[in-house]
């Protein structure tokens, strides 16, 4: 039986998509993460990120590969963070428990070059909280809406702004929340036209979707 | 093999719950409906209703048993409608397609003695439509919220009013709406505390839940 | 990246809905809970509650913020409990394992001003147990029915009483009980008209639904 | 490509299980049904049945193969019906819409030699209807409980009688009834110990389960 | 708030169904189990059982209430075991992992007075194992078939024997086995007519279903 | 009972989101559609669209309200179509059966001012078909990927382009395709980071999501 | 808006996989089918097939494109059928209703060059029917097992033969059969190791899987 | 109660299917595994394997029964490994997290006599990685594709090769990945005709399916 070496890093991704491959932490040893990060830092020029990293792993890998920063709430470890660009991403959450997912979105987006602004705890059960922030929300170039339970905030925000809305269902809630499936289905059937959805708890996915937008945003400018 | 006579009507229900048994139309012949209605009219004194009745059946049965009225949108056929009581029920819908379910709720509630007010098409994608009607919604003794798709209106209304909110998920929508299951799950996990839910498309169930409330409302008064 | 301060408390909720925001314990540190509770006590005048609190957290937070009481079975920690009002809420359970959910409902309802009476272990497999308590059940202003497995008790009670019935499916049972989804679906399709349902294991939700009822109950009185 | 002749009848089944194979009607032409029935009548000595047969097919096949009888409600066509034995099967239904499934159970059971008694429309929303029939239900050698929606009747009957209870979930109901899946799951998790369940709408399956019981009943006798 | 005493034992069940209430162990303290058992032993005359009991609890409770026996594989603790009756129950398993569920069925059935015979590991992937045991299987008065994964053994046995077959789906298997739901659905749709099904992993439920059969078996004899 | 007039059109939406409300055709009569369209044409200045319109309805409404155009494959009826803007939207389909959904996306996007290019039938089972069109796909400002069955095309395209990818699961396929739920789930879990998803068969939703993007695209330009 | 021509045929597939693309009939007009078939006949040299074709369409297209043959039960229309090769495929069905799916498998396999043998109606409820055919089943180079309901036949055959077994779940059955999902899940978790599964009702998929096998079979020979 | 000895080993399987029964480790004690392995080694002549074995158990059992080898990543313990045959199985993975499942497939296949080649980390988000390996993939006699999340690699590979493709869905991913169910459904509905699927995470099942193929491969040779 012939076994290939462990882990193949997609070193071509930066050329193809403008960003080195982002490493998903779970299931890899600290040593493996460190080796992959080193390879990415060496063979690419942009920011290098690892997601879903515990504080312990962040400490060990950070010691092994100098220059890291760590977002503890979002559990993102990164090197060569980009400086904040012209594209402003709003990250809006419904409730406290959605915080870590929002933090992952914010930390990733920030590290790869977006200006990020967070608005917290404006779930629709207190709709005045949303109404009080409408101007701020409308000022963003795109909005990530992070919500669990019934995920209604995505529809309300989707109806208030004209720009792109990326909804992230979270596994917040219990019982009929079905670990986020209910929020996912609800956001999918949002009555606000043109809201798009990423996977449950995937702050990372939302940040990457925003990154795709921000690139077309930039390109436009350069077309002028 | 010994077979009992077809259809046993629960003639005792009016004594027990203050309202004659309401007849569910589907699966019964026009003649059977007419016979059941006659029995109920004879053995009870309150309003007699049949739900989910087509216009054709309504015509035939209405001819056979005098004194009927028919709500075409809600598909409710009834006799001996009660006069509107002090209890005011608001029936609020998210979108046009929720209309027939709301109409069933309204027609049943009205026939059994509530004062009913309808507010239509205030889905949360245009949240200003909700905000413009807040005072009206708050003036109701109880609110039935009828919504399909992601059902977010229940959460918004639930957060705006202090009184009872009965949410009716509808089968409006397609794909991930899963014939109303998504709205049901979403309403179940509403971030607005104390919202209660009835079965998909069950305008009837919402009206009956309101009837239970309206009875305690009345009883309270008599306690003074 | 601009991060807002952690946790936004909805201090306006008491004005809007007659009760300060109830805090959901899981996912918050003891210190955060204590800070939120202090803010609520300071800015509102009504009872302040935290749900799903372990005995350990209750001890720590209770030490930090004086005046607390703790319901160990229902896992509810509270301050400034309201005195029992005229509205009597019955909390009825099917089996022993439904006890903690019923206790949550009872503790919350009691703390926010309802008179609460509990009836335990009258699951329908011994229907005589239900029949023996019919008069008690009928004497309540509203009934919360807490049941797992097939949740049949909600239908039986719903058929016996004329007033509001709030059904709480629980995750009691195994296999086909599907962590409470079976009970939820069963209660949703109850053959007793007008039974309403809240989320799985949500004793809190049932108490809040009852609170909404009790408010209209009170208002009625004042209308006389 | 070598194709076998259409339809292989299991002519050995009567020897093995005491009853000729019962024919499932749907998907077979009238001519095919007639041919199969003739083969069964010729090669076996017991009753021959076809289930889920429309009145039209019953007329055509009945003309082709003399000696048939037809139960229109249960949609069962049969020949050489057995005479009623000592084993009495009760068939109990929750609501009117469960009638055709109950009729299938009753017609099959009767044709294969059980004495059948039906009790209709005793759904648990009117529990007094069950209580009024307890003695009758207890007098049966086994009880088939036919119920849709939340299927609660199976639990109540299961708790009242000591003998075998076979529950048949039906597709009666809408929305959260999920075409009978809710009733199936609910019956599976019945709080009444020892209730067994057959497939949704399978009156036939319940009758056959009872037939298996009735055989051990008979055998016991002959062992004395 | 008025709280009832913990745990209501259904002391009437023995009179109604011929067997004292069987106690479900999980969620009760050792002391509570001991108290309930003592009450049952005092107020009833038949066997007293507790299911799903760990060895540790069995030791503690067994010390507190003398006369216990414990089936370690089936995790059943019992007192006043009945002597084996004339009714012989076969308990047949598909694979090794189904052993504990089968043991629960066997231990309960044995303790409440059936003669139990077990046949192990005859899953249909080695159909010769089934064929080699056909005579034994046919000799039982009823057969409990315990199988996980695709649960096919129930259909094969159901086709081989004429008497009652009670199928118990187990949570054996992974992935598409869906914790026993696949076996449950498969058994529900068995091509062998008249197979009945109980809840996933419910050896107890199967034994109780058999107990209901055995009672009619006994009664028959006494009718001769 | 007080009923509001039928159908409330959100005439403010154009001001808020840059486009008049798009009308969903099903469940409305031809006359109602015509009335709504007239109101929108009168009170707004942008394009007016109705989706899911049959050819018959298109003819009738088109006669009643002059100036309409109709996309037969996409079933979109529209007035005052915008002229093609600088933003180029690619609409890519996996198979022939995905055509109508793609056509809805294309027709809506085109009518509201995007330049649309379609690429058909490049499902991943013939990956060379995708590879042959990479340059074209990369040239689009955003890509809508329309695919049913396993929906794999979204992942492949998502990995090839750097810009925004909006995936539309379709109900193409049978059996395990589960009416599009499988494609939806698959697209949600795409291994290509930053792919976003809209509802099953919602070509309309994809076009609206692209419209949100195209607006930020435009705004950027004007910021230079 | 630029629209590509309808329908892109993958003319390269024969070179890549040894067989021209097989056309899926539904959703295409007779004229479209005829055009595609003509293109395939012209640009490829092997057999050309269309699946899921009604008799009416078969007649029309057959008239338009000479040389066709039609398998009415399997609903397959084909041209240039291959002559039967050395590879013998057995197609085994559990019940009568599985016939059309088996016929699709057989017709496709036969047309593309396998020798096909069918064995019908050997469902496991009459296991002797399987045992009587063991030698025949073992003689096939590969076996396609077509079964609905609980799909148990796949496990039994999988345990009897040493060669490849391809299981096809069918939508035969009702209620808990869930339109074939139950059979699919059951076959997935077969206790017979190494059984593989294709989509529900996909006789075509099974034939194509067998075609892949038969090719390696042939290649082996040429290696000698 | 009569209990059979624990664990019945199917010693006939080697004769019937060419390979001794493979032991599934979980739920068996080290001593039981050792005893079963010894019995298999004694009564059969081919390789003996135990799957899902921890390193600890491997050490203990390996000490007890000499001659073992252990694949740590695949968690397979085996004795009397076969020498690599002419049949070459490719095992291809989409991502790093699919590694253990692929390793199980590779270790089992290797131990039972196939030549195994692994290709890692060629998920379709970097389709160039697949294209770069096409020749290698086409050179295999059969390909096992191991992929989680949306499982798209199976379709791409299925379209590239002419030979047998066995897809293994894995539980890799979170949220909408639903523990592998999404990948399973996606692979089931692959647009590449003739791809077959085994259970989630079942590297073992894939190896056994390949073993069935390899046998027919061998037999062909001997026919020449």
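Going by the order they are written in, the chains are A, B, C, D, E, F, G and H; count residues from 1 in each one.
The rule is simple: contacts are C-beta pairs under 8 Å (C-beta built on N, C-alpha and C of every residue); 3 or more make two chains touch, one makes a residue touch a chain.
The chain lineup, named per UniProt: A, B, C, D, E, F, G, H = PurE domain-containing protein.
Treat the numbers as computed from the prediction; the structure is a model and nothing was measured.
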item: Chains touching both chain C and chain D; value: B, E
item: Chain pair with more C-beta contacts, A-H versus D-E; value: D-E
item: Centroid comparison with chain C (C-alpha atoms), farthest chain; value: G
item: When chain D is superposed on chain G by its C-alpha atoms, the rotation angle in degrees, nearest 5; value: 90
item: Interface numbering overlap (same over half, different under half) for chain C and chain E; value: different
item: Identity of the chain that, by mean CA position, is farthest from chain B; value: H
item: Chain centre separation (chain C, chain F; CA means) in Å; value: 45
item: Inter-chain centre distance, chain E versus chain H - centres from mean C-alpha coordinates, in Å; value: 36
item: Centre-to-centre distance between chain H and chain C (centres being mean Cα positions), rounded to whole Å; value: 51
item: Shared-contact residues (touching 2 or more other chains) in chain D; value: 16, 125-126, 159-160, 175-177, 181, 184, 188-189, 193, 199-200
item: Chain-to-chain touches, reported pairwise for every pair that qualifies; value: A-B, A-C, A-F, A-H, B-C, B-D, B-F, C-D, C-E, D-E, D-G, E-G, E-H, F-G, F-H, G-H
item: Interfacial residue positions of chain A with respect to chain C in the complex; value: 84, 96-97, 99, 106-107, 109-110, 115-122, 125-126, 128-129, 174-177
item: Chain D-facing residues of chain E, complex; value: 16-18, 22, 141-142, 159-166, 184, 188-189, 193-200, 204-205, 207-213, 215-217, 220-221, 223-224
item: Contact set on chain H toward chain E in their complex; value: 1-4, 6-8, 10, 12-13, 16, 24, 26-28, 169, 171, 179-181, 184, 199-202
item: In the complex, chain H residues that touch chain F; value: 94-95, 123-127, 130-131, 149-152, 155-156, 158-160, 173, 175-178, 181-193
